[in-house]
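Got some structures for you, see below.
In what comes next, subunit A is part of two complexes: it sits with subunit B in the first one and with subunit C in the second one.
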Partner chain A sequence: METILKKERLSEWVAQIGARATVFAPAFADGIWNFCAVAADTKVEFDHGNTVRPAKGFVFPQREVLYRFRQESGKAPELMETLPAAAPTVVFGVRPCDGRAMVRNDKVFTCGFNDPYYQARRDQVVFVGLACSEPPSQNCFCLSVGGSPHSEDGLDVLMTELDGRYHVKAITAKGREIVEGAAALLDKAQAADGKAAAKAHADADKHPQRALATMEKVAAGLKEHFDSPKWDELARACIGCGACTYLCPSCHCFDINDEITSNVPLTGERVRTWDNCQFPDFTMHSSGHNPRHDTGARLRQRVSHKLLYFVENHNIQQCTGCGRCISHCPVGIDIVRVATEVSGQ
Partner chain B sequence: MNANVYLPALARIAGIEEETRGARAIKTFRIEFPEGGGFDHECGQCAMLSLFGKGEVMISIASAPAVKEYKQFSIMKSGRVTTALHDLDVGDVIGIRGPYGNQFPLDQWKGRNLIFVGGGVGLAPIWPVIQTAVANADDFGSITVFYGARSSSDIMYKADFEELARKAIVQLSVDGAEDGWKGYTGFVPANLMDKAPSPDNAIAITCGPPIMIKFVIQNLQKLGFADEQIYTTIENKMKCGVGKCGRCNVGKDYVCVKGPVYSWAELKTLPQEY
Partner chain C sequence: MVAIEDIRSRAKELLEGGMVRAVLGFRRSSAGLLAEPTFVVASEDVASLVWDATCVHNLALYLVNEKKRQKAERTPDTRPLAIIAKGCDSRAINVLLQENHVAREEVVILGVSCEGGGVVDTRKLADALRGKEAASAVCDDTGKVKVATASGEVTFPAADVLADRCLECTIAYPSVSDTMFGEKVDERGFTARFAAVKSIAAMSEQERSAFWDGHFERCIRCYACRAVCPMCYCDECVVDSTSFIVSPMTTAEEKANRIRWIQRSTTPADNAMYHMVRAMHLAGRCIDCAECERVCPVNIPLRLLNTSLEQEALEMFEYTPGMDPAQPSLISSFRDDDPNDFIR
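So, the complex of A and B:
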């Protein structure tokens, strides 16, 4: 379903959706672009490149209470499940790399054992994508990892900026619902609009990006060079801050811990939080044995998870080429360079 | 199992056996589910035990699948949760979810000689296999159990070994010399070489500290065991148990789902990072 929205009516559309859902859109706050809740009567414009934080937090929050527990002294504990409450949410301005990351997150959280917390959020969040007319960052490499500046994967709606208007394409049933619900604002797209969107997409593909060898070549190279001394060399500057994975749209590793609010009676929450493969204690056994005992092994895990292990398990790369881990690494570790150098491509 | 994979069932500690003492003491906990609760498991599988306010810990199920009335877990006092578990008493209620992981392919081993090689608390994961094999001894050839501990006071399942010795060949060892010790003195891999079991029609199953497993596998190869004849079970730090939290992987495999049981033929194809 393809429609046209005049740019000056974007805020009206957002306000209309905001009457029955919480709407988020990229906003510049505290010095960075991030998804922020849109207050009523806010003028919404898409001036962002890409947000610093990815969209994954909407389906996999940084901190999530799995359940609460309460135990009177000498008695059995009681558990109270805390699945996410219904909270319709629509997120505007999601870049296609973050959309494609959702497809990867779906594989992690819904294949095999279904994760009910992720599923509940995924079912009720609508991702409205915004195609990139030019690479938002100098570290973009979506084209090298099977994506594109206008990929629809994982998005419910894809908007493409044209002269004075947006081409708005509903992709999923959730997407059609918000487009059909705004029939008064959105005009049916004409053949010329479709052609203009196709041209915008083709033009976007022509912008130069960072380049990585093919999925097969990189995976084979990483597998062959697992024991390469380059891992240690390339990780030497790593300070283990974990910015690379916290800001990654498809990094899903988490920790589970108990947070106590009262000792008598014992009351607390079992909490899931984002965790990080770049931290030494991520894999450390209580015996002190650590399978990934240095920064080289931990960099190898991050890069190999994205570009080798995920390929072996799902036949797609986990990395979607947003470039955040490169742009925000305080010491300049660069996944494109690392994968290229180690894999010998 | 609960529809919410993270939500444990509640179960009662019905018995506690003190296996070894000291800073790294081992206790065996017998866990009973309320009427109609619980789950079945296979040899080699694990369960996530919960102590509310402390956290969760993944422990291999040490009782045989045929035992339905309870499950046993032999736990070394090591980290936050295991230390707190050691302070519990009979009657206390903990959380449990599972079972997790794959299993030892006992069905494929019928007619074979079974050689078990355990070290320290690493006997627990292979104990249900030993119990099941001994209980179905007619299905298998000879059954040999190598087991070693730091000292004779660190040997777990002492009472069970007396009974086991009537049904299987038992080869015990301690790491250092001790007055009056009748078994082998030295590390487990050395005891294995000393007794040199034949690889003919045999399957070897080993579990222990990572360094012991490494040398046991090397020595089994020296004795002529093929990669397909060697099995081990590996442990890694785990939080979710369902292949999502991302820390227990060895290469592409999440050990909590694809493992913990591997033949050496399978394990050697993965990155040697465990």
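So, the complex of A and C:
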């Protein structure tokens, strides 16, 4: 379903949705682009680079309570279920690479085993994508990992900026619902509008991006060079922080801890928090042995998970080329260069 | 002006003579404008070394990281590491020497004076360029920064694009070095020391508390601020789960009941606690390289925390960290002539 929205009516559309759901849109605050809740009567405009934090937090928050517990001394413990009471949420301005990352997160959290916490949030959130007319970052490389600046994967709606208006395409049932609900604001797209959108997409593809060899070549190269001394060389400057993984739209590792709120009676919560493979304690065994004992082993894990293991398991790359891990690495460690140099491709 | 050829030729001599195991310096990065740290091990690679206003990193950090790395090696190369150090970086080396974390003979310091300039702040630069990407940034003797973009060259005054720490820096040349490049320039005349932190001090207690709550709320606890800090070298940090030693005898109960000072959850209380601990552990040690603030992906003004403690150390104890490896440390020393009465 394809429609047209005049730019000056964007805020109206957002406000209309805001009456029924919590709406988020990129905003520039405290020096960074972030998805921020849109208060009533705020003017919404799209002129954002990619947000620093990806959209994954809407379905996989950094902290999720799994259940509560309580135990009186000498008695059996009681467990209280705490499935998230997710409210309807609509997120605007999602870049296509973040949309594609959602497809990858779905594979992890809903294929084989359906994670009820993830699913509860996923069911309630609508992702309204915005096609990139030019790459918002100099480290974008979506075209090299099977995506594009106008990919629809994982998005419910895709908006494309045209002259003075947006081409708005509903992709999923959830997307159709918010588009149909605004029939008074959105006009039906004419054949010429469809053509204009297609042209905008083709133009976007022409912008130069960072480049990586094909999925098959990179995967084969990484597999062959698993023991390459280049890993240590390239990771020697890595400081082992969590910037690359926490900001990655498709990194999904987590840790589970009990947070005690009282000792007598014993009460507390079991919580799931983001974790990441670049922290030294990620693979630390209780014996003190650490199988991934240095930054070389950890960089290999991160890059290979994105571009080799995920390919082996799901036949798609996990990385969607958003470039965040490159732009925000404190010391310039660059997944495109690392994968290229190690795989010899 | 410091000529990169001079640095390269000294690096070459050191490598050819086998006097060092590597020269740690800066090279161009594929990731963006800023230079990136590089370990040059082959003398023919010294040509990759660069020196300009994009060499922001405090490489003293790697003295610490390399030490940890070497500990795990079966046959470590024990020759010293040569390291390029700006004024602030050299003060970090001094603190590591003072704390006996590294020994003087383990490091060859190629000190570089920033003279009348400094290094860029990429956020200021992004603002100044209104979204255009910079391809290079070079600082002249007066602090003016010439920036190349796809659509031509622009020159900015120091205050617009230099890092705040550089604007406030009073000793922009190395306090310790084996070879020094560039001149000692004492007259810099940008901003007064502690200018940024003084603006915060003017707030009321409630305002300040709201200011920090607002910032800490964004923290994702990626620990980039800690990982990049040369003084955050503890093997076990209170925030890590490894700070609990498990043996075969440790019972499940002991594991479950281990004390966690700070939870992994990014709640306001845990975030504030993390930052408080880190700031307190840096009092009298932080030398204001401002790397923590630079690397923070969500732009938390961490430098303000550390410089406020630096200011207190100066005002209450006449103490400036990193000036001399022989000076007794702030926390573990007592002086009869201490300017503060309350302690006597």
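Definition applied: the second predicted complex is superposed on the first by the 344 of 345 C-alpha atoms of A that agree within 3 Å, B and C clash if a C-alpha of one lies under 4 Å from a C-alpha of the other, contacts with A are read in each partner's own complex, and residues count from 1 in each chain.
What we mean here is this: a residue touches a chain if its C-beta (ideal position, glycine included) is under 8 Å from a C-beta of that chain, and two chains touch if they have at least 3 such contacts.
On a predicted model such as this, the values are computed, not experimentally measured, just so you know.
Student: Tell me the contact category for A:A202 with respect to subunit B and subunit C: first, second, both or neither.
Tutor: Neither partner.
Student: Is A:L66 touching the first partner subunit B, the second partner subunit C, both, or neither of them?
Tutor: first
Student: Using the touch definition from the top, say if A:A211 reaches subunit B (first), subunit C (second), both or neither.
Tutor: neither
Student: Counting only touches as set out at the top, which of subunit B and subunit C does A:N313 meet: first, second, both, neither?
Tutor: First partner only.
Student: With the two complexes superposed on chain A, say which partner A:D334 touches: subunit B (first), subunit C (second), both, or neither.
Tutor: A:D334 sits against subunit C, while subunit B stays out of touch.
Student: Which of the two partners, first being subunit B and second being subunit C, lies in contact with A:N139: first, second, both, or neither?
Tutor: second
Student: According to the stated criteria, A:P280 is in contact with first (subunit B), second (subunit C), both, or neither; which is it?
Tutor: A:P280: touches subunit C, not subunit B.
Student: Examine A:R236 and indicate which partner it touches, taking first as subunit B and second as subunit C; both and neither are also allowed.
Tutor: After superposing on A, A:R236 lies in contact with subunit C but is clear of subunit B.
Student: Given the touch rule stated above, what does A:D258 touch, subunit B (first), subunit C (second), both, or neither?
Tutor: both
Student: Is there a shared patch on subunit A that both subunit B and subunit C touch, and which residues make it up?
Tutor: After superposing on chain A, subunit A residues 255, 257-258, 275, 284, 286-287 contact both subunit B and subunit C.
Student: Could you pull out which subunit C residues touch subunit A in their complex?
Tutor: Interface residues on the subunit C side: 29-32, 34-39, 57, 61-62, 65, 69, 72, 123, 131, 133, 214-215, 218, 220-224, 226-228, 240-242, 245-246, 248, 250, 255-256, 260, 263-267, 291, 294-295, 297-299.
Student: Taking the touch rule as given, give the residues of subunit A at its contact with subunit B in the complex, in rising order.
Tutor: Answer in residue numbers: 66-67, 69, 71, 76-77, 79, 81, 83, 108-109, 112-117, 226, 252-258, 260, 266, 268, 270, 272, 275, 277, 282-287, 289, 291-292, 297, 301, 304-305, 308-309, 312-313.
Student: For a test of understanding, state which residues of subunit A touch subunit C in their complex under the given definition.
Tutor: Going by the criterion above, the answer is residues 30-32, 34, 49, 52-53, 62-63, 138-139, 236-237, 239-243, 246-247, 255, 257-259, 271, 273-275, 279-281, 284, 286-288, 293-294, 326-334, 336-337.
Student: State the interface residues of subunit B toward subunit A in the complex, per the touch definition above.
Tutor: 3-8, 10, 52-56, 78-80, 82, 93, 95, 209-210, 235-237, 239-240, 242-252, 257, 271, 273-274
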